[in-house]
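Paired with chain B in one complex and with chain C in the other, chain A is shared by the two complexes that follow.
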Partner chain A sequence: MIRLEKRIEVNNAWIALMYLSACIIGFLLTALLLWLSGTDISKAFYALYKGSMSSQKTIFSSLSKATPLILTGLATVVAFRAKVWSIGQEGQVYSGAMSAYMASLMFFGLPVWIYLTLIIGFGALGGAFLGALSAVLKNRFNVNEIISTVMLNYIMIFFLSYMVGGGPWTGVGDVALTYSQSNPIDDTAKLPFLFDSRKLHLGFVLAIVCALACHILINLTPFGYEIRAMGHNSIALKYRGTNTKKTLLYLMVFSGAIAGLAGVSEIFGTNHSLKGDTLVGLGFTGIIVGMIGGLTPIGTVIAGVVFGGLASGSVYMKIIAKVPGTLVPTMEGLFLLTFLIAGVASHYKIVRLKKDV
Partner chain B sequence: MSQFTLLKTKQLTKYFPGVVANENVDFVLNEGEVHCLFGENGAGKSTLCSCIFGYYKPDSGSIELKGKSVKFRSPGDAIKNGIGMVHQHFVLVDDFTVLENIIVGTNTEQWKLDLEKSENELRAICLEYEIDLKFNSLVRDLSVGEQQWVEILKSLYLDAEILILDEPTAVLTPEESKKLFKIIHKMSNNGISIILISHKISEVMQADRVSVMSKGKLINTVFPKNTSPQELTNMMVGREVKLRVKESKYSKVSSSSKPLLSVKNLKYMNKYKKFALDNVNFELHSGEILGLAGVSGNGQKELFDALSGNLVPDSGAIIYDGTEIQGKSSRHYMDLGIGLIPDDRYREGLIGDFSISENVILGWQRHQKYSKNFFLNHKNINKFTEYLIKEFNIIAPNASVPVNYLSGGNAQKVILAREFSHSNKILLANQPTRGLDLGVIEYVYEQIKLKREEGFAILLASEELEDLLNMCDRIAVISDGEIKGTVDAQSTSIQEIGMLMAGHAEVSA
Partner chain C sequence: MSELFQEAVIISILAGTFRVMTPILFAAIGELVTQRAGIWNMGVEGTMIMGAFTSYIVAVETGSQHLAILSGILSGMVMGLITAFMIATMRVDHFITGLGLNLLVGGLSLFWFRLYVGGGYAPTFDSLDNFAIPILNTIPILGDIFFNQKLLTYVAFLSVPIVWYFLYRTRWGLELRCLGENPKALDIKGLNVVLRQYVAILIGSSFTGLGGAFLMLAFSDRFQPDLTAGKGWLAIVAIIAGKWLPKGVFIAVLVFAFLGSVAVHVQILDVNIPYQIFLALPYLASIILLICMRKKINQPAKLGVPYFR
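Right after this comes the complex of A and B.
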C-alpha cells in the first residue's frame, strides 16, 4: 500500500521532477487533443517549434508576445501572494493603455525620452488607479475584491471600445472605424525596438526589470514581508500593529501599475495604435502565467516566456498544421491544471506502507 | 473483579508527519467504567480517541469491540456501533434549537422527521439525568455548560454505549464541572462506559481507572484509589514535578502609587447586541500581576483586544500614564511598550508558515533594527533570532523552520521572545499557558514573574485558578463582561473566586 504524506523539508529534486512531469503530461494531453481534433500531431508540434524558437526572428516574436503576459503575471503574483484575489489585471491593462494613449496626445512634441517616460508613467498610473479603486472599495465598504475587479474590468473594456469605436479617440477613415481603433501613434511615441528586431521592444526590458523589482520587493523588504504575512495570516499581522488596509492599498496600487505597463507595452511597443482587440485576454492569461510560475516573479518570467512561445508558435500551427486557433487557450488551460497539481504534489511525498498484520 | 471488556485496542499505532502520535497502544475499556486518559498535551490522548471514534485510521494495530475486530471508515461507523464523542470544541449549529441540533443527522433510519417522538424520548433522558434544558431555545443563547449537555444528549439519544469526553471541563465553571461529574457517574451506573480525557488531577481521581499516556505510549493503567496525585503526575511527566507550591509574594506596590494603566467604565456591545464589556473598571500598577479569572467567553477576549488597540470600545476610557489612548491603533499601543500574548496564538500571535526569524520581528519589521534603506536587515534579524532561540530555549532545528512545525510550547516561546524583547512597560497575557505541558507552563510563569521584578505591569488571564492564586497579587473576576469583584490573592480562596466566576455577587470586598 502507498500513501501520500506531507513533506516538512523541501526537496528541490522532487520539486523539479514534479514540474517536469507536469510539462510532459501537459504535452501528452495536448497531443491527445490534437489527435482528437484530427490533426497530424508531429506536424503540429513541429510547427510549434518552428514558430516559437527555430530562428532569431521567431524567438524575438515569442519574447515579444511574452512581454505583456510577464507583466500581468507579475501583477497577479503581487496580489495573490497577499491572498488578495484581484482579477482586475484585464481592466488595468485597458486602463493603462488608455491613460498612456492620453499622455501621448497631451505631451506630443516633448523631447523623445521625456515623452516616452511620461507615456510609460501614465500607463502605470492608469493601472494603479484602478487597483487603488478596488482597494478603497474593500477598505471603506468591505466590497469583495473579486467582484469589484471583475466589474471594473467590464467598465474599462466597454469604455475603451466606446473611445475608439465612435468616441473622441476614433481614428480617421473607414478602416479605423470598422476595426474600432485609434489613429496610429506617432513614431516618437513608439517604444524603441531592441537589436533592430522590429519585434522585440523596450517593453521586454521593462518586464524583466519589473520581475527583478518584484523579486526584491517580495523577498527582501518590509513591504514584501507584509504582503507575504497578509497572505498567510492577515489577522496576526493586523494584531501586531500593521495597518493592513494600507498594505492592501499599496499592493493593489503596485499590482495595478505593473498590469498598466502591459497595456503600454502592447499598444506602444507592438500594435502602435489603441485597439481593444489586441488587449483582450492579456490580464486573464496573466493570472494563469502567475499561477504556473508558482506565484514567484522568476517563475512568472519563465512561464510567461513559455506562453509567449505558445502564442507565437500557434500562428505557425494554424498555418502549417491547420490546428484550430481555439486549441491554444485550451492548451494553456491544460498546462495550468498540470502545473497546479504539480505545485501541490511538490509538498507531498509518497510513502510505502507495510501491509497491516 | 472480572468485568466484561467492551473495547480494546491492540498495538495501535498512528503516525503524523514527523511524529509518532500513538505507539503500540494497548488500551482496554471495561463495561460501565469511567476510564480516564491522563497525560500532557501531545501525549496522544486525543489521537487515540479519534482512532477509536473512526476519525483517524490507525496505521497499524487493531480495535476490538465486544471481542470482534472492527474497522471504522468514519465517525458515522463508530456512531452506528454505539460510540459517541463530545469534542473539546462543540459541533453545534448556533442558529438551530436544542432539539434541532440533537436530531440533525441522527435520524438515519427514516426519511421523515418526527419531532414529537424525538422530543418525548429526549424528555425521558433529561428526566433520568436531571438535565434541565429548554428544547426550543437557540443554541447560541445557551451557556457553554448547557451546550455541552446538548452534545452529551446527542450521544445518549443515539444510544451510545461508549461515550468519549475530550477535556469536558476545560470550558466549565467549578459548579458546572461538579454537575457534569454527577451526570457522568449516573451514566456509568446505567452501564455506559466513559472515556474521559483530562489533564486535571482532581478529575482523574474521580475515575474508576486511569491510563497514563506519555509521548504517544500508554505508560500504565492504574486504579486511582491505589495511587496518589503525586505518583500519577510523576508517571505522566516521567520526572518529579513540584505541585502547588505557594510562592512567597513579591510586590512593591502600595495602594497609593499612581496606576500605570487605568480602565474606566469600558463598554463594548458585540454584534449580537450583547454587552461583551459592561462597565469594566480596574487599575494596573507597575510591578504587579493582576489576574483575570473567569470562564472563557465572558469578555476576556474583548478586554485584551481593547487594551492592545485591536478593538474600539463604545464608551469609557483607557488611560495610560495620564493620557487617554482608547481607540488608538494597535501600532500606537505597541510603541508605548505594551506587549500582548494573545489566547489564540496561531491566529493572532503567529504566522504559521513564516520562519522563527520572521515571526520574532512580526509587527517590528519596519523598525530600524531590522530594516535599513527599504531592505530587511537579514544579518541583524538572524543574529537577534539566534540570541532569542538560545535565551528562551526554543527547541528547533534552525531559525528558518516555519513555526507551524514547532510544538505548541516552542511556538508560544516564540511569542514570549518577541513580546518580551519589544515591550518595556505592560504585558498583557491572555491564557499564556493554555494547551501547554507542565514543563513549559512552569517556564512561562517563571518568565512572567521575572518581568514583574523588572517592573512590568502585567495582566494575566487564566482559567486555572490555582495558577492565578500562585502568580498574582490581585485577582479580578470577570463574568458576563463585568468585573464581579477584585480580591487579594493572599487571602482569597478558590471557592470565593468560583462563586464570583459563576456570576454571584461579591461575597467580600
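Right after this comes the complex of A and C.
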C-alpha cells in the first residue's frame, strides 16, 4: 500500500523535483496537444526557440514582451500573498493605460523628462484607483473582491472600447476607426528605447525596479509582514491590533499601481497608440506568471521572462510551423495547472505502509 | 431613446430577456448546488466556454442538435471532474483552481478553434428552433413573450423548482447542504465527504455545460472568441445576490438578463447613446446588487474552505 502523508519538515530537493516534473509534464502535455493537432512537434519547438532566444533581436523582443507580464505578475503577487484574490489586473492595466493617455494629452509640451514622469505617474494612479475601488467595496460593503474585480474588468474594457471607438479619443482617419484606436502618441511621449534596440524600452527597467521594490516591501518591511500575515491568518492579525481594512486598501492600491504601469509600458513603450486589442489578456497572463513564480517577486521575473519568450516565439511558430498563436495561452494554462499540483504535492511525501501494523 | 418604448420593441425585449436568461440560469442554478455543498467553483466561465465550444464542434460535424447539447453537458462534466480532482482530492485552493481552469480553457478553446477553422471562415450550423406551446402561444402579447421560446428555456425554468426540491426535500440534498455547513459531521457519521464533493461539483458543472451549449446553439450560428463574455461570472454573482436560495438566484438572473436584453436591442436600434454603456450595464448592476446584499445571510459556513480530516 502507498499513501500520501503531509510533510512536517521542508525538503528542498523534493520541492525542486516536483517543480521540475511540473515543467516536464507541462511540455509533454503541450507536445501531446501539438501531436493531436497534427503538427510537427520538433519543428514547432524549434520555431519557439528560434523566435525567443536565437539572436540578440529576438532576445530583446522576448524581454519586451515580458515587461508587462512581469508587472501584472508582481501586482498578482502583492495581492495573492495576502490571500486577496484580486483578478482585477486586467482592468487596472486598461485604466492605467487610459489615465496615462489622458496625461499625455493634458501635459503635452512640458520638458520631456517631466512629461514622461507625469505619464508614468498617472498610469500608476489610474491602476491604483481601480484597485482602491475594489478594496473600498470589500471594506465598506463586503463585496467579494473576486467578483468586484471581474466586473470592473468588463466595465473598463467597455469604457476603453467607447473612448477609442466613437468616443473623444477616437483617432482620425479610416485605419484608426476600423481598428478602434487613438491617434499615435507624440514622439516625446514614447518611453525611450534601451541599447538602440527599437524593441526593449524603459518599461523593462521599471519592471525590474518594481520587482526589487516588491521583494523589499514584502520581505523586509512591516507592511510586507502584514501582507504575509494576512495571508496566513487574518484573524490573528486583527487581534494583534492591525487595521486589516487599511492593509487591504494599501495593498490593493499598490497592486493596482503596478498593474497600471503595465498598461503604460505597453501603450507608450510598444504600441504607441491607445488600443484595446494590445492590452487584452495582459492581466490574466500576469496572474499565471505570478502563480508560477511561486508568488515571489524574483520568481515572477523569471516566469515573466519565460512567458515573454513564449509570446515572442509564438510569432515564429505561426510562420514556420503553422501553429496558431493561441497555443501560447493554452501552454500557460497547462503549466499553471501542473505547477499548482506540484505546489500541493511538494508538501506531501509518499509513504509505504507495511501490512497489518 | 423613444424608439425603445414601442410595443413591438418592448415585447421583443421581454422575450429576449428569457432567452438571454436561459444560459445564465442553467449555470447559476447548477452552481447553487455546488456552492451549497461548500465548494466555491470559480471555473463557471471556463466550463461554460468548454460546453459552448464542444457543442459547436459536434453541431457542425454531426448536424445533430441533440448530440451537440449532450456533448455540451458531457464536456461540462469533464471540466467538473478536473475541478473535483483539484479541489476534493488534491485540496488545492478553490479560488485558484477555478481561476486556473478559466485561463486554461480560454486558451485551449481558442487554440482548437483556430486549428479547426484553419485559414478559412468558421463553419456554421442551424440554430435551435423555437418551440411554441400550442394554444398558450396565441394569447396576445403574453404568448409572444412567454410561450414562443426554445424548448431548453422551459427546461431552465423547470430546473429551478427541481433543484429546490432536490436541495430541501431529498436526503442527498440535505447531505450536500450539510457538507457546506459542517463537513465534519458527515465524516463522523461515516459518510464519504470526497464522494459528495465530487457529486456536487459534477451537478453544477453539467448544468453549466448545458448553459454553454444553449448559449452556442440558440444565439448564433458559429463559435466566436469570448462568446460567454462574463456570463459565467454573472451566474456566480446571481448566487450571492440571491442569497444562496433558488428563488433569489432566479430573480437575480432575471435582472441581469433584462439588462442584457436591453443592451442587445439598443445596439440594433441605433439609439443615440454609446452602446458600450448598455453593454456594461449588467456588470455595473451586479456591483450595485452586491452592495445592497452586504449581509450574506445564507452563505454556507464552510464555503470555499478545503476540508481536511
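As a working rule, the second predicted complex is superposed on the first by the 356 of 357 C-alpha atoms of A that agree within 3 Å, B and C clash if a C-alpha of one lies under 4 Å from a C-alpha of the other, contacts with A are read in each partner's own complex, and residues count from 1 in each chain.
Simple rule for what comes next: a residue touches a chain if its C-beta (ideal position, glycine included) is under 8 Å from a C-beta of that chain, and two chains touch if they have at least 3 such contacts.
Nothing here was measured: the structure is a model prediction, and the numbers come from that model.
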So, does A:Thr326 touch the first partner chain B, the second partner chain C, both, or neither? second
Quick check on the superposed pair: does A:Tyr154 touch chain B, chain C, both, or neither? Answer first, second, both or neither. second
After lining up the shared chain so the two structures overlap, which partner does A:Leu336 touch, if you call chain B first and chain C second: first, second, both or neither? second
On the A-aligned overlay, A:Leu33 touches which partner chain: chain B = first, chain C = second, or both, or neither? second
Check the contacts made with chain A and report whether chain B or chain C touches more of its residues. C
Answer with first, second, both or neither: which of chain B and chain C does A:Leu251 touch in the superposed model? neither
Which holds for A:Met291: it touches chain B only (first), chain C only (second), both, or neither? second
How about chain A: which of its residues touch chain B in the complex? 5-8, 220-222, 225-226, 228-229, 232-233, 235-243, 353-354, 356-357
State the interface residues of chain B toward chain A in the complex, per the touch definition above. 17-18, 59-60, 308-310, 329-331, 333-335, 340, 342, 347-354, 358, 362-363, 365-366, 370-371, 374-376, 378, 405
For the chain A and chain C complex, residues of the former touching the latter: 33, 37, 85, 87, 137, 141-144, 146-148, 150-152, 154-155, 158-159, 161-162, 165-167, 284-285, 287-288, 291, 324-334, 336-337, 340-341, 343-345
Contact set on chain C toward chain A in their complex: 42, 86, 90-92, 95-97, 99-101, 103-108, 110-115, 229-230, 233, 236-237, 240, 274, 276-277, 279-280, 283-284, 286-287, 290-291, 294-296
